[in-house]
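Each structure below is given as structure tokens.
In the two complexes that follow, chain A is the common piece, with chain B as its partner first and chain C second.
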Partner chain A sequence: MDFGPYLLLASLEGAVLASVLALMASGLSLVFGVMRVVNVAHGEFYMLGAVLAWWVASLAGGSVVLGFVLALVLAPLIVGAIAATADIVVLRRLSYDPERTIVATIGLLYIIQQLTLMSYGPEARPVVAPFNTRLAIPWFEFADGGLRMYWPWGLSTTSYKLFVIFAAVAVLLGIRVMMTRSRAGLLMRATQQDREIAQAFGIPVERVYAVVFGIGAGLAALAGVLIVPIQQAHYLMGLDALLLSFIVVIIGGLGSLAGTVIAAVLIGMSEGIISVFFSPTLAKIIATLLVAFVLVFRPQGLMGKRVR
Partner chain B sequence: MSETARILALHAGLVALLLVLNFVLPAYPQGNLARIMVLASYAIGYNVLFGYTGLLSLGHAMFFAAGMYGMGLSMRHLGFPAGPALLAGLGAGAALSLVVGLLALRTAGVAFMIVTLMFAQAVYLAILLFGKYTRGDEGFVIPQADRVLAGIDLSDPFNRYFVALALFSFCLFSVLWLIRRPAGRVLVAIRENEERARLLGYDVFAHKLGAVVASGTISALAGAFYGLLFGYAGASFAAVQYSILPLLWVLLGGAGTIIGPFIGTLFMFYLIDLTSGLTSAYMLIAGVALVLLTLFAPQGLAGELRKRLWRWLP
Partner chain C sequence: MLRVEGIDAGYGRAQILRGVSLEAPAGRITCLMGRNGAGKTTTMKAIMGFLPLRAGRITLDGEDLGHLPPHEVPRRGIGYVPQGRRLFAELTVAQNLEIGMMTRRSPPEVLERVLSLFPRLRERMDQRAETLSGGEQQMLAMARALCLRPRLLLLDEPTEGLQPSMIALIRQVVERMRDEGVAILLVEQRIDAVLSIADQVVFMENGRVVDGAAGEALRADPGPLHRYLGV
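Let's turn to the complex of A and B:
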């Protein structure tokens, strides 16, 4: 393959990664924005989404499409309910003190991960995509003075990967509409601006927190369901995803949803492209150092506003 | 008995007890206790920063690994004998903690935790990237012939226990000395109220930097000795888990107490040792312990002891 088609292929893979990452990171960003809680267990909610998708799909038995649709609906709901319970039982009792919630969510991370190891086991398991048509992509080149179209060997994507990108865009638009147009979004934004004033105006702040924590975890679980036909479900898959979402949320500016989505596209695309051409370990080192330096020298993120 | 005499009696008593145990314990608990003392030295180093200065780092594994690899790599590739190799590990830890401190201390609170986490992740990935020299995940064995310090064979269980005890008591008493000096009091003042410490005219940044370097260097010392005493260096010691474990030990034992890190390490080591016989998911215990501790006993065991019985516990 020539360089051009190769680059297109790499950016398509990058776009799939970017959309999954955007979903997951916007969950993390929402939780941090409204609650000021850094949720270290976020990666495990993503892993739970993937594992539950496998479980639901295997319960549904023969029908691949039915299993997948059920997983798409059920996994985020179950994970959201688990997260809301964790918020009520643990985080609320810590009064959302930043350092103690981090330690508690580290604890949650190990509890979820190890319980999954005990029940689901150490194997990586695949879920069959509901549809997976191979789509070849044409490429154009100048030859003999004219534009010629041809179909390079290996340049293709699948209908499922395109579906992932569209689903992520749709869900993110939905979240944006919810935050800006709905009453629930209004309550969340009011809580985000000033917790005490919101409480004084009769907003049930604690219930808002539980719902936000649930929605954040549900978004991670949804990302997990979407990725599992491409990558297999494994009990350790959460940590890498967590670090990547941290990177995205920090580069995009903590708590800014638009910044998060832009950063996810940036990081996902460049991760996809860089790891095709260079060593993936080197790409990860550069990304982690970049985050550390952004936090040190530009703590508001590349696009975020300065907080307090 | 005066307060200083009580404090000395308690800590010297602990060291004396550990010394006697070397002569009476059977082989398996003797080996475990040697390991616990080295890991407790790591926890003591972590406690300088977390317990006394109030800075929560999520990346201390990078200092532990800097000591371990500074020692191991200089031995493996430069042919250093044990003594200079230990100094190389110590130097690597001190240098790394100075650089990380200068950068990370520009941030505070949650950002400090994430910056240290990211630096540690970069160190871990760098160990994997240079797998040609470090052997990556697989790690490398330090040959028995090289594990000789001043004519003492460190692979012998009896000697190993003695050296681990010497390291542990060195860390214990030097940190005890540090926090009873004026500089140590300033660290506690920063933990309690940073603004007020600054207002009183103390150079807060310099003191915090000193705490990061002291904490990182002690952690590196523990890492170097761990590699030397147990004859192995591997990338898993630089992974996130080894940054979380000292936090867990210190929280369990009691943050901001001298004896707490040892109690916490001892407790958690045996808890994990006992449960790993039952299930492979032994880190579940660590998770449950972390959640329960933050919920019900943020002071830890020694902290509760100080609150209820011994008000003088440093």
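Let's turn to the complex of A and C:
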């Protein structure tokens, strides 16, 4: 295979990773943006999404499509409810003090992880994709003075991977519309900008926080559901995902949704391409270096604002 | 009528207010005066429910406010214009006003009325609040509070850093609200402004109310103003 088709293949893999990462990291970014809470348990919500997807799919039995659709709807809802409860029961009692919330979410991380180990077990389990047609991709070459289309061997993707990309784009657009156009988004943004004054205008700030924490976790869970047909569900899968999300959110600018999406594409694509051509380890090294450079030269991130 | 009775309040472990009592009757302008750091802003925050009360009671027309969750306090009809304006900086003028309108579900006529008081805002509805001039920002802070149809207005130095024409506009609006029967509690540092507008004045020092006087009496003898402001 020539270089061109090979690069396209790597980019497609990268785009799938970028989509899942963008979903997950925007949850982290939303929570930090509105609540100023660094949620260390975010990766566990992603893992819970994946594990619940397996669970729902196996309960649904024979029907793969039904099981997957149910998982897509139920897992984010269940995880969102768990997170909102954790917010009300734990974070609210700490008055959202930045340091104590970090410690509390670390505790949450281990509780969720160990409970999953005890109930779900240490195995990695797959979920069958609801559809998984192989789609061959054409390429072009110059021959006899004209452009000729051909189908390189091995250049293909699956309908499921394309679905993941479209689903992520749709959900992210939905989040954006919610934040900029809806009443709920207005309440969230007002709370983000001045919590006290938001209260002085009747906004139930604590309820807004619980909802935001729930939505953030729900986004991570959705990312988890989307990834299981590609990666399998495992109780430790949250850690890597959390690390990548932090990288993305730091590069994009904490609290900026647009920055988060841009950074997710950057990291996801480069990770995909570098892993295919070189090695996954090199991809990790480069991502980490990128974070170091951003922290040194642009601490507020690509799109973030300086702290006022 | 707002009634504050012997409240103690502060930030964390630091107690600032000690036994503060004052009244702000409907249709009157009550001025709160005192040196920097006397506790004027803290008093307003306590009324808004931001700070837990360690002692005392706050009532509006007989209803206890001290036990309400903070976001319920404004829904009783309290409009707050905080010191330094504190607009929702990244939201537009229209969105800032919308939040005021949502507080007590004001009908759309209210917005029309508020905009007729501050026509300049009407031309800037889609502009982000942080890009407004200082005077326009103050108008917006006032307008946002008026959108909730207040029975009580808390104004914390609403004319700080404004030019005379803007001060006159703010003052006109305040007098109009008074005439409509709104109770007004105003923190104001400029003595001439206080003398011309106040129905009654409350003096604070080190977190305590140390004196009070009727506006009439001060116009006859402004001595206490100079004493408590140390000018």
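By our rule, the second predicted complex is superposed on the first by the 305 of 308 C-alpha atoms of A that agree within 3 Å, B and C clash if a C-alpha of one lies under 4 Å from a C-alpha of the other, contacts with A are read in each partner's own complex, and residues count from 1 in each chain.
Rule of thumb we're sticking to: a contact is a pair of C-beta atoms (placed from the backbone, for glycine too) under 8 Å apart; a residue touches a chain by one contact, two chains touch by 3 or more.
Predicted, not measured: the structure shown is a model, and the values here were computed from it.
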So, on chain A, is it clash or fit between chain B and chain C? fit
Go through the superposed model and pick first if A:Asp194 touches only chain B, second if only chain C, both, or neither. second
Determine, under the contact definition given at the top, whether A:Leu108 touches first (chain B), second (chain C), both, or neither. first
Would you sort A:Val90 into first (chain B), second (chain C), both or neither based on which partner it touches? first
So which one touches more of the residues on chain A, chain B or chain C? B
Distance in angstrom between the closest Cα atoms of chain C and chain B, superposition on A: 15
Complex contact set, residues of chain B against chain A: 56, 58, 103-104, 106-107, 109-111, 113-115, 117-119, 121-122, 125-126, 128-129, 240, 244, 247, 251, 279-284, 286-295, 298
State the interface residues of chain C toward chain A in the complex, per the touch definition above. 48-50, 69-75, 80, 82, 86, 88-91, 95, 98-100, 102-104, 144, 148
Interface residues, chain A side, partner chain C - complex: 183, 186, 189-190, 193-194, 196-205
Touch list for chain A against partner chain B, complex: 38, 90, 93-94, 98-100, 102-104, 106-115, 117-118, 122, 239, 243, 246, 250, 279, 281-282, 284-285, 288-289, 291-293, 295-297, 299
